[in-house]
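First chain A sits with chain B, and in the next complex the same chain sits with chain C.
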Partner chain A sequence: METAVIPTRRRKSISGFLFTLWKKRISYAMLMPFLAVFTVFGLYPIAWSARLSLTEYRGIKDKPPQYVGIDNFKNILSLSFKELPPELDEATGEQIFRCDGEKVIESVAREMEATGVSCEARMVRPRDVLPEGHSEYDRFSFRGTTYIIGATDPRFWKALYNTTLYTMGSVFFSTFGGLALALFLQKQTRVNMTLRVVFFLPAVTSGIAITAVWRWIFTSQNFGLVNTVFRFFGWEQVTFLANVDWTMRILIWLALWGGMGFPMILFLAGLKNVPQELYEAAAIDGASVPQRFRHITIPLLRPTFLYVVVMGIIGAFQVFDVVYIVFSTTETIGGVLDSALTVVTYLYDTGFNMFELGYAASVAWILFAVIFVMTMISLRLGRVNELY
Partner chain B sequence: MIEYQGRMTRLVNKIVYAPVIFMALLMILPYYWMVIGAFKPVPELRKIPPTFIVEDPTLNSFYDSQRDTPPDHQRGLFQRFEDTPAGFGRFYFNSMFVAVSITFFSLVLGSLTAFVLAKHQFPGRQFFFLLFMASMMVPWQVTLIPSFLLMRDLKWIDTYQALIIPASAQVFAVFFLRQYMFSIPDEILDAARVDGASEFRIWRSVILPLVRPAMVAIGLTIFLGQWNNLVWPLIVMQSAEMRTLPLAISLLNQSLSGATTLGLIMAAALLTSIPTLLLFLRFQKEFVRGITMTGMKG
Partner chain C sequence: MKRKIAILVTLAFVLALVIGSVPQHTSAQGGVEIIIWMTGGDNDAIVTKAAAAPWEAATGNTVTVEAVDWGTAHARILTAATSGEGPDIITGGLSWGIEFGELGGMIDLAAAYPDDVAAIQATDNESIWAAIESVNGEVYGVPWDLTIFLMFSRPDLLAEMGLEVPQTWDELLAYQEAVTEAKGEGGWVSNWGNTEWVTFSSFLWQAGADYYDADCNVTLDSDEAVTALEYFASLYEAGATTEAPDFEAGLNSGLYPAAYGGNWPIGGLDANYPDMVGKWQVSPLAAGPNDTRTAFIGGRVMGIMSYSKNADVAFDMIKYFQTAEAQQALIDESVKLNTLWIPPQTEFLQYVAYGDNVREAVAAQLEDAQAPPNCPGWEASAPAVTEAIQSVIFEGADAEDALADAADSIRDNQ
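Take a look at the complex of A and B:
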């Protein structure tokens, strides 16, 4: 019955192939302008960047890049984890305390504490326990023992930590904020349409200019708007831009302000695409409103949700402008104590302030790897949820 | 009964709306603060607490004819940047010229490439498409350092082409225009071919008018992205007269402090955001369509 149609293969020959190319010359000619620009300014720098990341190069013309293998990556990434023992007195074997600027042994310190002097236990210096070239990144106590984390490049880890925190915070709030807005403003009444425009406005126009305005709203000088409001309520004045505790809150607030409109629009489009018949059918079957939401709206919005989260992660990991405009000063790029230092600002700092160009290229590849892994993880998590 | 219920629902509605409206006010807060800040005279800028309605609006923050009579006057925005002829006006021109050029070139190159990839059959078609797509995965930071070195080697530092040419090949424009072009039936193109139109002519007179909505949406995205581009100009523009607006703003931001200079920064921010606000008001629908179509923001 079935007759397989075997396609007659054209004879392969070089001249035939060249003839095809010649016949298609117009297509290639039309592709050429884009391809040329793309190759020179898009592809070539990628290859160059890969090569550069394996070298030490300070951007000096007379001193060409020195090949160093994967040293840059090692220096960026290497971490050490050590227990930090207490400093002991050699004669008595007791721990040394520092009381009121004075070094004393434990038994003396206890007596002094009883008289109301505050004492602090002294630890061995970090560089005595950490491997060569490492310096302290962070320390913490667990069950009475102090541990120390060392790194060859603690600033990179600080940047990565900040960026991760920022990404989680901003993606979480702007995704759910956008979803809440979309659900709330779903009905096309006049008030809702106006509100939609208002929430959408920063998503389009939140450029450098308006971001700069925020810096002056948060300024700690007494003409700052937020501090004026705080004064009005009788709250304490805060030096927002110079206070480590507030840095991340401000960054995430700015991400929420500028980033909610985008998911809102996507969720509104997603909600519009949910067939109304499904709700009607479920209502006839006696499903309550929360049930309908849980079993119709949520599953049908899942692709949009996944998309918003993935795009959010990719965007948030590359944050630069907000940090540079709001927190950078002429002295420090990452704000006070590097509390706003992100991976891309760190990359910029190493590349264009310290001229460690090879090192900066390596940072960029690590950023790529991190974004790639995070994207894969969220896509995978999204698929796991789809199972039921 | 019905009356009562109606009133209850309305009350509940109002209560539920309150936090949303509060949020909405926070959304437009910086715009408001910017506008009033830009029009306050120096004595009013100095007031603590700051005024919330401009009592005595003035254009002094932009241009002050009595600049030499402190303390109530200072140099306006257009009187600053004395190292540059035309000062802030020059930066405005730089930004506009660069953003418009990039939008134009990337739409021309992008639509041409999308047309070939969507409607022509030739060896390598799939390869080129996949190559473009794969490059989208690589974040721009990866190419930042080598691109700078490339500009240096080409002696393009402090030139317009350093900003315009590398940005003229926008892969995402190709991708979305190509998607859009699949919806154009081949018969139209074949009809044009029978009539003797060249492929270039078909692109110009058949394809471009049909993909106009997609072109507008993508063009807006590109323009806004370039208008707000900070990192790349920061790296390749080193002389004063080649500054773009984001550079000028970050410079003002870092060098000025104090209540009276607030007016200058707000004036600069206002002038910089006016084009984006106008585009937003004029092309609101296109922005929404652009986002739902491409899933990209500016």
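Take a look at the complex of A and C:
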């Protein structure tokens, strides 16, 4: 009996669907232009990218993508972890040291150290202990033993590390910088209104132009503003743009400078929505200003915080233009020793400089997964649905 | 009457269709539009367009030149190759021909036009061909122009410090130490990949080392290479700036009274810095321990995209640019835009503009120049070399270890 009923229901549901479609034909017709554009420029590229990520494709029409399964993902993500033993002298069995550019055995090194020469213990070459195809990504010492982290693609891990560091720094500072500005400028005075415009200006100015100006500001050339100030005070010149220690600081500073305005506006809107009665009631109950801020302002700004943080994370993980303009040269894209290499700049380098388009598509999907997970964690930690 | 009119209209319509369907772009009859993507700046496009005018007039074809900046050219050409739509001809870095060619994006000119390509090779600078001809003998692009490292200097400012233009590695290092001690900044610098493999290559070759041997076996981990890298790092340790410099301004202000640079600033120095007229000079690089002054030579290649329907006409135009008339036009048009043009043909070096000093220095340095390797996997390996160099300069890594790692990376890419 059931087999006779189901087709009838299906017929009914299909006819019902067609009837609904016909009834709302004007609405759907009006949606068609968007749907067409979204399909061509959104869905199709995403689907094509997913397909490419499973292939080896070097971008020439005559050579179609070759299916390689998840090899690209394995190559990108494979890590290894090994102990790095000291390099020993074959004749004496003593460890080899490097003293003043010379290789010497330990007993000689000790003598040289006694005369003030600095010596460094040498380890075996990472390739001798890492699995085939792995190169050194990083090393560290723990309780006198040196360990090495190997990777099939150390540049990806470097890029991911840099991007994570940049995201943490830029999101943290722009969020709390934006909140601080909003708190300082929340009163509707003429000065505050002007300052709000000033702080919001970077958000509506061309990022490329601003970034180019920052490059000039930080250069160590004669026209570099920061170094001109340093010269004025007689301080030592700093090659900011070719110094591993300064790269991330500069990137985060640029994110802070250009990224505080938007959170400030959002926090100002959020602060306006906090009922004044709560503050008044708390004041009558004897709550101090910090207590009111901690127990009223912060909880009620949670949805704004969440929005600012999630959008900040998504934006920061996709940073490209700042790195490309400030740190790339004609030969390298990620600055000195890849210290500014981020995931998207690495993706660009892999895809458009190395022609590994399938590999680059895999990097893009890994980036998507990372952003997705980070956003989920933020949403979970923020518990946006919790009401006050 | 109406019937006659209808017949006439129909005939006219059919005639129009027939005329319209006849191919209008044939190499024999002219009328072909050759589109060139000129990697560089607007000036390069203007110069090329002007120099192509006699060929256009003689053949009835037209040349459209579009400037594409270095930063985006690689990606744009790849996109064109992938989509099968774009220019007929591209210019780009020396290695680009092999790169795009081996992917199937460009025509092997040596196979398509063997006699003509052999004739071009016979007249060109030998070093440049080592970089553009693949190990299997394919030629996906012929040299378009040359770029070479030279020593730029201000003898007047050096004399004030009691110095002369450095002639050897020892003198170069001593000069750097003297400038650092006197001024605390400046001295030697490179405007062409400072702290990167391009600049390092000259030092590598001057030390008698190389990236590969003649059979493309990796030799970067040799003792000579270690000597080169240790010396290269010592220049920065002595105070040379690690940043990309504003080279011309530094030469003018005296920040860099003697420095290595690609030849491109030469054309604009007098125009942009009138106070410096007659005070600057160029000369070959300082000699290394092998007593050679080998300089890195670069430039651009010009090749034809494999999808081009006008390959024969495009190659005809490329051949025209090998003539004395075209090279003289390129030199003259470049001068109008304050640009130095160095022709790849050795016999035309005598026409190089901007005076005897420039002409003699360029010719002398081209006698002792080397181009980047053409071995398989080199393009993917260059970043590993830069990483090795920078790990020594910025982190104090051992040069021997760094080069050994770089050599392994190069082997992995083969």
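Heads up, the rule we're going with is that the second predicted complex is superposed on the first by the 352 of 388 C-alpha atoms of A that agree within 3 Å, B and C clash if a C-alpha of one lies under 4 Å from a C-alpha of the other, contacts with A are read in each partner's own complex, and residues count from 1 in each chain.
Definition applied: contacts are C-beta pairs under 8 Å (C-beta built on N, C-alpha and C of every residue); 3 or more make two chains touch, one makes a residue touch a chain.
Keep in mind that what you see is a predicted model, and the values were worked out from it rather than measured.
Chemist: Which of the two partners, first being chain B and second being chain C, lies in contact with A:19: first, second, both, or neither?
Modeler: neither
Chemist: With both complexes superposed on chain A, which partner does A:125 reach: first (chain B), second (chain C), both or neither?
Modeler: The answer is second: A:125 touches chain C but not chain B.
Chemist: Going by the contact rule set out at the top, does A:243 touch chain B (first), chain C (second), both, or neither?
Modeler: Second partner only.
Chemist: Applying the touch criterion given at the start, work out whether A:223 contacts chain B, chain C, both or neither, answering first, second, both or neither.
Modeler: both
Chemist: Regarding the shared-chain residue A:48, is it in contact with chain B (first), chain C (second), both, or neither?
Modeler: first
Chemist: Please indicate which partner A:355 is in contact with in the superposed arrangement: first for chain B, second for chain C, both, or neither.
Modeler: Touch partner of A:355: chain C, not chain B.
Chemist: Kindly classify A:262 by the partners it touches after superposition: chain B alone (first), chain C alone (second), both, or neither?
Modeler: The answer is first: A:262 touches chain B but not chain C.
Chemist: Looking at the overlay, what does A:329 touch: chain B (first), chain C (second), both, or neither?
Modeler: A:329 contacts both chain B and chain C.
Chemist: Could you say whether A:147 touches chain B, chain C, both of them, or neither, answering first, second, both or neither?
Modeler: neither
Chemist: On chain A, which partner touches more residues: chain B or chain C?
Modeler: More residues of chain A are touched by B.
Chemist: Need the overlap of the two footprints on chain A, from chain B and from chain C, as residue ranges.
Modeler: Of chain A, residues 59, 219, 221-223, 329-330, 348, 352 contact chain B in one complex and chain C in the other.
Chemist: With touch defined as at the start, can you tell me which chain B residues reach chain A in the complex?
Modeler: Where chain B meets chain A, its residues are 17, 20-21, 23-24, 26-31, 33-34, 37, 45, 47-50, 109-110, 112-113, 115-117, 120-123, 128, 131-132, 135, 137-150, 165-166, 168-169, 171, 174, 198-200, 203, 224, 227-228, 230-231, 234-235, 245-246, 249-250, 252-255, 257-259, 262, 265-266, 268-270, 272-273, 276-277, 279-280, 284, 287-288, 291-292, 295-298.
Chemist: Name, in rising order, each residue of chain A that touches chain C in their complex.
Modeler: For this pair, the touching residues of chain A are 58-63, 98, 101, 122, 125-127, 133, 135-136, 219-223, 236-237, 239, 241-244, 329-332, 336-338, 348, 352-355.
Chemist: Quick check on the complex: what are the chain A residues that touch chain B?
Modeler: Residues of chain A touching chain B: 17, 20-21, 24, 26-28, 30-31, 33-35, 37-38, 40-46, 48-49, 52, 59, 181, 184-185, 191, 195, 197-205, 207-210, 212-217, 219, 221-223, 225, 228, 231-232, 257, 262, 265-266, 269, 307, 311, 314-315, 318, 320-321, 324-325, 328-330, 344, 347-348, 351-352, 357, 360-361, 364-365, 367-368, 371-372.
Chemist: Once bound in the complex, which stretches of chain C touch chain A?
Modeler: Those residues of chain C that touch chain A are 70-71, 74-75, 78, 81-84, 99, 103-105, 184-185, 193-198, 230, 241-246, 249-250, 253, 255, 306-307, 379-380, 382-383, 386-387, 390-391, 394-395, 398, 401, 404-405, 408-409, 412.
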